[in-house]
Each structure stands twice: as structure tokens, then as C-alpha cells.
Amino acid sequence: MSQRVEDEKETGRVEAFSDGVFAIAMTLLILDVKAPKPADAAASGGLLVALRGQWPTYLAYLTSFATILVMWVNHHKLFRHIHRSNDTLLFLNGLLLLFVTFVPFPTSLVADYLQESESGVAAAVYAGTYLALAVAFNMLWLYASGKGRLLGTRANPTEVRAITRQYRFGPILYAVAFVLAFFSVAASVTLCLLLALFFAFTGALTRVFGDRPPGT
Amino acid sequence: MSQRVEDEKETGRVEAFSDGVFAIAMTLLILDVKAPKPADAAASGGLLVALRGQWPTYLAYLTSFATILVMWVNHHKLFRHIHRSNDTLLFLNGLLLLFVTFVPFPTSLVADYLQESESGVAAAVYAGTYLALAVAFNMLWLYASGKGRLLGTRANPTEVRAITRQYRFGPILYAVAFVLAFFSVAASVTLCLLLALFFAFTGALTRVFGDRPPGT
Amino acid sequence: MSQRVEDEKETGRVEAFSDGVFAIAMTLLILDVKAPKPADAAASGGLLVALRGQWPTYLAYLTSFATILVMWVNHHKLFRHIHRSNDTLLFLNGLLLLFVTFVPFPTSLVADYLQESESGVAAAVYAGTYLALAVAFNMLWLYASGKGRLLGTRANPTEVRAITRQYRFGPILYAVAFVLAFFSVAASVTLCLLLALFFAFTGALTRVFGDRPPGT
Amino acid sequence: MSQRVEDEKETGRVEAFSDGVFAIAMTLLILDVKAPKPADAAASGGLLVALRGQWPTYLAYLTSFATILVMWVNHHKLFRHIHRSNDTLLFLNGLLLLFVTFVPFPTSLVADYLQESESGVAAAVYAGTYLALAVAFNMLWLYASGKGRLLGTRANPTEVRAITRQYRFGPILYAVAFVLAFFSVAASVTLCLLLALFFAFTGALTRVFGDRPPGT
């Protein structure tokens, strides 16, 4: 087996491992959406009222789920270009996974504090976690793509630059969400949800105009 | 590598990721089946009585497990025909996974409220989640199979139409279960369990009469 | 692609999915091993005493972990011979996974009740779950191997019969553990632990004398 | 298919299964990082103060995450050399996974007791678990590599000896952390964190000077 074949096998296992972590982190989020206790539901005017009153929990769940899913789709996209692995890549990927697995904690903070007086602190931790995620994501890509360090031999330089340009916005926009948390919690959390949808959409645009070789 | 080979690799990772989410969601269901506390067991007439009194928990567990398993089998079956991927497919698949990971929440609602006066609300949320799952499932398949958009080049049009016809019943039947919840909770939950078994069985019929090339 | 290639791909996904469920069920067991609360530890004579007092939790954890691991090794072994899949196999495999994911519940029962007066009920549920697992395991294998239904074309009849003979003991021995629970809880739980070790060892014997083609 | 091909398939499934366990154990750690209750946060001087007061939880989380990640990277590295499998390997790998899945328990002990008077016991259990992990890791490697038992035919003896030499330090250093727990909890936990970083770094060194064939 040539060196290249061994390297591709390596990337395969990193991708599969990361997929596992993304899938588990996404699925664990539901553990924070708890059924109201029958006594509490009765006290708050019935089960339907109690379920409606949990809306911050659903919002936090949906936003975190969408963000991790979009992160997975983008991780996936980066690794179509990254063909080789080394310990620095594994370390940077590990840093990314550290923040991915951390997401359930700020999610539960936002769910518990969105209707409390200290919701600003919860929203700042929430947006701050996504900011850290976006920075880790950029570090991974800039390291792997810098001087074509770990890219496949067929990686298209135009596509690579397009990804670099596009991902640069992540940290800036999440920094805005972080600062917003100190002024308007609603605006900060809404921005986080919109960013997940925006990155899903940007991905779609890149796909249509960038990734596909013409005539396929 | 040709474009087709890359696309198949793509579908492979989507399938593996979805499998992970299905497997984790199925396995997390057990976290809601809790051992009764020794003091509570003693108060309710012994451990055996306490365990028997938890029957709504077991019923909800079994129904949810069977439904997610059947969803997985069918997801699996669709992706034998779907060979290409794009961002819309990833988005629709993500929507499906959102409802799959959500299942433990209505499951725990039904387990906690089946013997309470507000069991109807719990059963409606339960059947409603499955309705949303069935709709997302159909959206995924109709998008991927419409005009043969993402199917493999060898996909058999007769089989594809058979799947489309068969899956159309899912949303209708779960809508019936949803409406039933307002009249008879027992009937609604029983229908959900029967549907899981029915779709398992329909799958078997399709396999025998449809999928297999004759003479194999 | 010929039919056989498609079938092998199918088995691959069933195996990967089952592996996921085994891995998650094994890892979730630790959630029942909880750190004693500082106040409780102080009341019971210090942290070390409190940790020692939790021994039924560790025993249940170890036994369940070992049993699921051995089940996984054996599942693995069966699927080296099973090359084709159909809906009945998926259903029987699903039944097996149902009992695998159920294991954390009786494990936590045994951990909570081993030092209570009703430990017999907990031990019976525990051994009963393993009995159901062993029966599901045999059903899967007898269906797949009966008349060579789903075996690979190169499956060695002698090995197949050896597996059938060996696995037949599982349900009998777990039935003994189940009955024992009504007489001696200690004997029943110990037998469950020994059986996990025994099946691990039997596997090793089969490997040495059975699976390996001579001269390898 | 020759015997060797079957054996490689076997190793693939062991690796995938182990990856699943590593990924889940890592992701479950977050379940012990809990949002402070609004009432408790108010009582302790605000949410920000309450979050800061949880620092032992974050430290334990980070250390455990980093250790499991480094274990995964190294597991990965060993299995680039290990090409064949047998029941002893599966058993030793299972022992390693037992300790990996156990990690969330001592992690939560350290998080709960680091600011209590009995922090020494918690730190000793923590370092002791890592000591057991390091010993299991060495047993796996010494068994697989001894007399080249399960290595690939192309395994480079110099690299194999380098790994053996390097991993020998793990048990010694974790034994030091274990003994340190009885004198200085801070020193013991810090050493555990440093060891995770150190082994990440050692891995990088090996990669640069050892693994790569010259001229690649």
C-alpha cells in the first residue's frame, strides 16, 4: 500500500469518529426537554399550558440541533478536500469536538434562564460557545488548507479559496451575537438561529455555483 | 475519481450519520424507564406491584423503539435507491432526524400522563410527532425520487412507484391516530404501535413481491 | 452490481447499526453509577465508606458491561457467516437490540435493590432479561442458518453446526439463573457474571479449535 | 477470500466499535456539567458567580475529554500496526473500553469533591482510573505486538519498539499522579491534565521523526 492510501484510511476514521460525536451531541440535546411533572402541570393550568410555557426549551433545542447539524454538513464538506491527516489536524479537530460536545450545557442554560432576569448571561455563554466553535472551525480549515498542506492532490484552488472566504464570516457574526446578548437577549438568540439557517443556505449556494463541475 | 464515485461516498456518510442518530435515539429511550425507589416500591405494595404499575412506561418504550427501528429499516431501503446527495437532501434528512431525536420527549410524556386525567394531550403530542416524522419521510423520498432526481441510474421505476404509493399511507394513518387522541387515548396509542408493526410487515411484503429480481 | 454484492452491503449496514446500539447501551450503563452526594458521604462515615457501600452498583455495571460485550463479540461472529439480509432477519435483529437497549433498566434495579429485602424480584428481572436476550440470539441464528438460508456460499457446515450446538446452552443456563433468583440472589447474579466470562472463554475455544483453517 | 482479508475486516469492526465507545464516553461527560438552578444562582450572588463557582466541573470535564481523545488517537495508532484479531485481543480491548466508559464516574467525583474536605479520595479514584486505563492500554499493545503476534506483515520493527518504549511511561506517570493524590489534590489533577497534553505532544513527535517513511 502506498503512503497516500494509508493517509486516506486515516482521514476516514477521523471523519467517522467526528460523525459519531456530532450525532451523539445532537441526540443528547433532547435529554434537556423534560416532561412537566403532573403536579406542576396541574398547578400551572393544565398540561397544554405547561407545555406551551416550556417554549424557551424548544427554541434552544431547535437552535442547537440546527447549529450542530450545519456544523456536521460543513465538517463533511471540508473533509471532501482534506485527504491527509497528522497530529495537529487531530488536535484541532479534537478542539472542535470539545466545543460540539459542550453545546448541551449552554443550551440548557438558555432554556432555564430565558425567562429569568439573568437571561443576558445565559445568552452570552450560548453565543460565546458558538463563537468558539466557529473559531475552531476556521483554525482547522486554515491549517489544513494553508499552502495546500493536507488537501487532496486534485483540490481545486478556486473552491478552496471560496470556502476560506465564506467561513471567515462565521466568527464575525457569532461575535456580533455575543455582543448583542448584553443588549437584547431575544436578538442574540434569534441571530444564532438565523445563522444556522444562513449557513445551511450558503452551503446550498456554494454547491450550486461552486462545487459541481459544469455539465454534471 | 469520477463525479459519481464522489457522490456515492457522500451518500455513505449521510447514511452512517443517520444510522448513528437512529441508534442513539433508540438507545436513549431506556433512560426514561427508571427503577422505582425502594421507599416508593414499599409504599405501593412491593417491588413487583410497583414494576407492574409502570406499564405505560414499557408500552411507550416499546412503541417508540419499534417505530424508530421501522423508520431506520425504511430509511435504509430508500437509500438503496438514492445514490446522489445535495444540500436539499441533507436539509430534508436533517428535518427527519430532528423528529427522530425528539421522540424520547413525547414518549416520556405518554409514560407519565397515560394514567392521568390529561392523557389526551400527551397522546396527541405523541401521535403528532409521528405524523411529523411520516411527513418528513415522504418529503425526503418525494424530493429524491421526483423526476429521478437523486436516484441511482439502475433504479427500477416500478419499485420506485411502489415505494411512493406505499409510503403515502403513513401521514394519513398517523393523522388518524392524532385525531383519535382526542376521543380515545387507548385507541390512539394502540394505533401507533400497530402502525409500527404494520410498516414492518408491509416492508416484508414489498421485499417478497417487489425488490427481488426474479430467480434470485 | 450483482444481487450478492447488494446483499453484502445490506449486511454491512445492519452490522454497523447493531454495533452502534451495542456500543451506546454499554456506555450508558455508567450513568447509573452516581457519585454519592457530599452530605450523604459525610453521614455514612466518609467518601471511601460511601464508595465501598455502592458495591452492588459496580457489580451490576461490570456484569452488564461484560454481557453486552460478549453479546457483541458473538453477534460479530454470527455475521461472519451471515452474508444476506431480509426483513425477517432485520426484525429478529431488532428484537435482539430491544433487549440489549433494555439492559440498563434491570442493571439499575439490581444496583438499587441488591441490599433490600426484595432483591429476589430485581435479580429475577435481571436474569429474565438475559434469558430473553439469549432466546432472541438463538432465534436470529437458527433463522439465518436454518437450511443455510442467509449464510455465505462458503460457510463451513461443521462450523455452523458447532455454533448452533454451543449457543443452545445460553437459554438453558440463563433459565437456571432466573430460577435461582427465587432461592439465592447472590447465586443468580454470580451465575450471570460467570456466564459472561464463560461465553467469552467458549468463544476463545471455538476460535482455536474451530474457526481457523489448519495451517494458518 | 483469503484468511488475511477476513482478519482485516475483523479489525475494522473492532476499531469502529471502539471508536463508537470512545465517542459516546467523551460526549456523555457533558451530562455532568449542569446548569445551576435559578434559585441557587440567585442565592450565590448571580448566575455569573454560580457559573464561576463550578470551575472544578469544567476542569474535570476538560481533563477527561482530553484524556479520552488522546486515548482514541493512540488506539487508532496501535491499530495501524495491528492487522489481525483474536479473542484475547477482543478481551483486552474490552477491558480497555470498560475503563474508558467508566471515566464519567470519577470525573463527576472530582467535580463534586474538589472543594470538599475529602477531595483526596476523589482525586485518587480519578488518577487510579487513568492508571488502570494506561495498564490496559499497555497490555493490549504488548500482547498484540509481542513476537509480532497480530501485527501486519509490513510492520516496521523500529516503529513497533518505539511505541513500546513510549507507552511504558504511561502507567509509571499515572502511578505518580495516584500517589500524589494523597499529598496534593491540585498537583494530582494537574498532572493528569498535563499527561493528556504530553501524550498528545509525544504522539506528534513520533509522527514527525518515526512514522513517516523518509522522502514522503
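The first chain written gets the first letter, and so on, giving A, B, C and D; residue counts start at 1 in each chain.
Please note the rule applied: a residue touches a chain if its C-beta (ideal position, glycine included) is under 8 Å from a C-beta of that chain, and two chains touch if they have at least 3 such contacts.
These numbers come from a predicted model, not from an experiment.
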Message: Please report the smallest number of touch steps linking chain B to chain D.
response: 2
Query: Shared interface numbers for chain B and chain C above half of all numbers used, same, or below, different?
result: different
- prompt: So if I superpose chain A on chain D by CA, what angle comes out, to the nearest 5°?
  reply: 90
Message: Taking the mean of the C-alpha atoms as each chain's centre, how many Å separate chain C from chain D?
response: 25
- request: State, to the nearest whole Å, the distance from the C-alpha centre of chain A to the C-alpha centre of chain C.
  value: 36
- line: Expected list for chain D, residues touching two or more other chains, is 16, 20, 24, 28, 31
- request: Report the complete set of touching chain pairs.
  value: A-B, A-D, B-C, C-D
- line: As the complex stands, chain B meets chain C at residues 15-16, 19-20, 22-24, 26-31, 33-35, 37-38, 41, 46-48, 51, 62, 65-66, 69, 72-73, 76, 80, 154, 200, 203-204, 207, 212-213, 216
Query: What does chain B use to touch chain A in their complex?
result: 1, 3, 6, 10, 13, 16-17, 20-21, 24-25, 28, 31, 86-88, 90-91, 94, 97-98, 101-102, 104-105, 108-109, 111-113, 116, 118, 121-122, 125
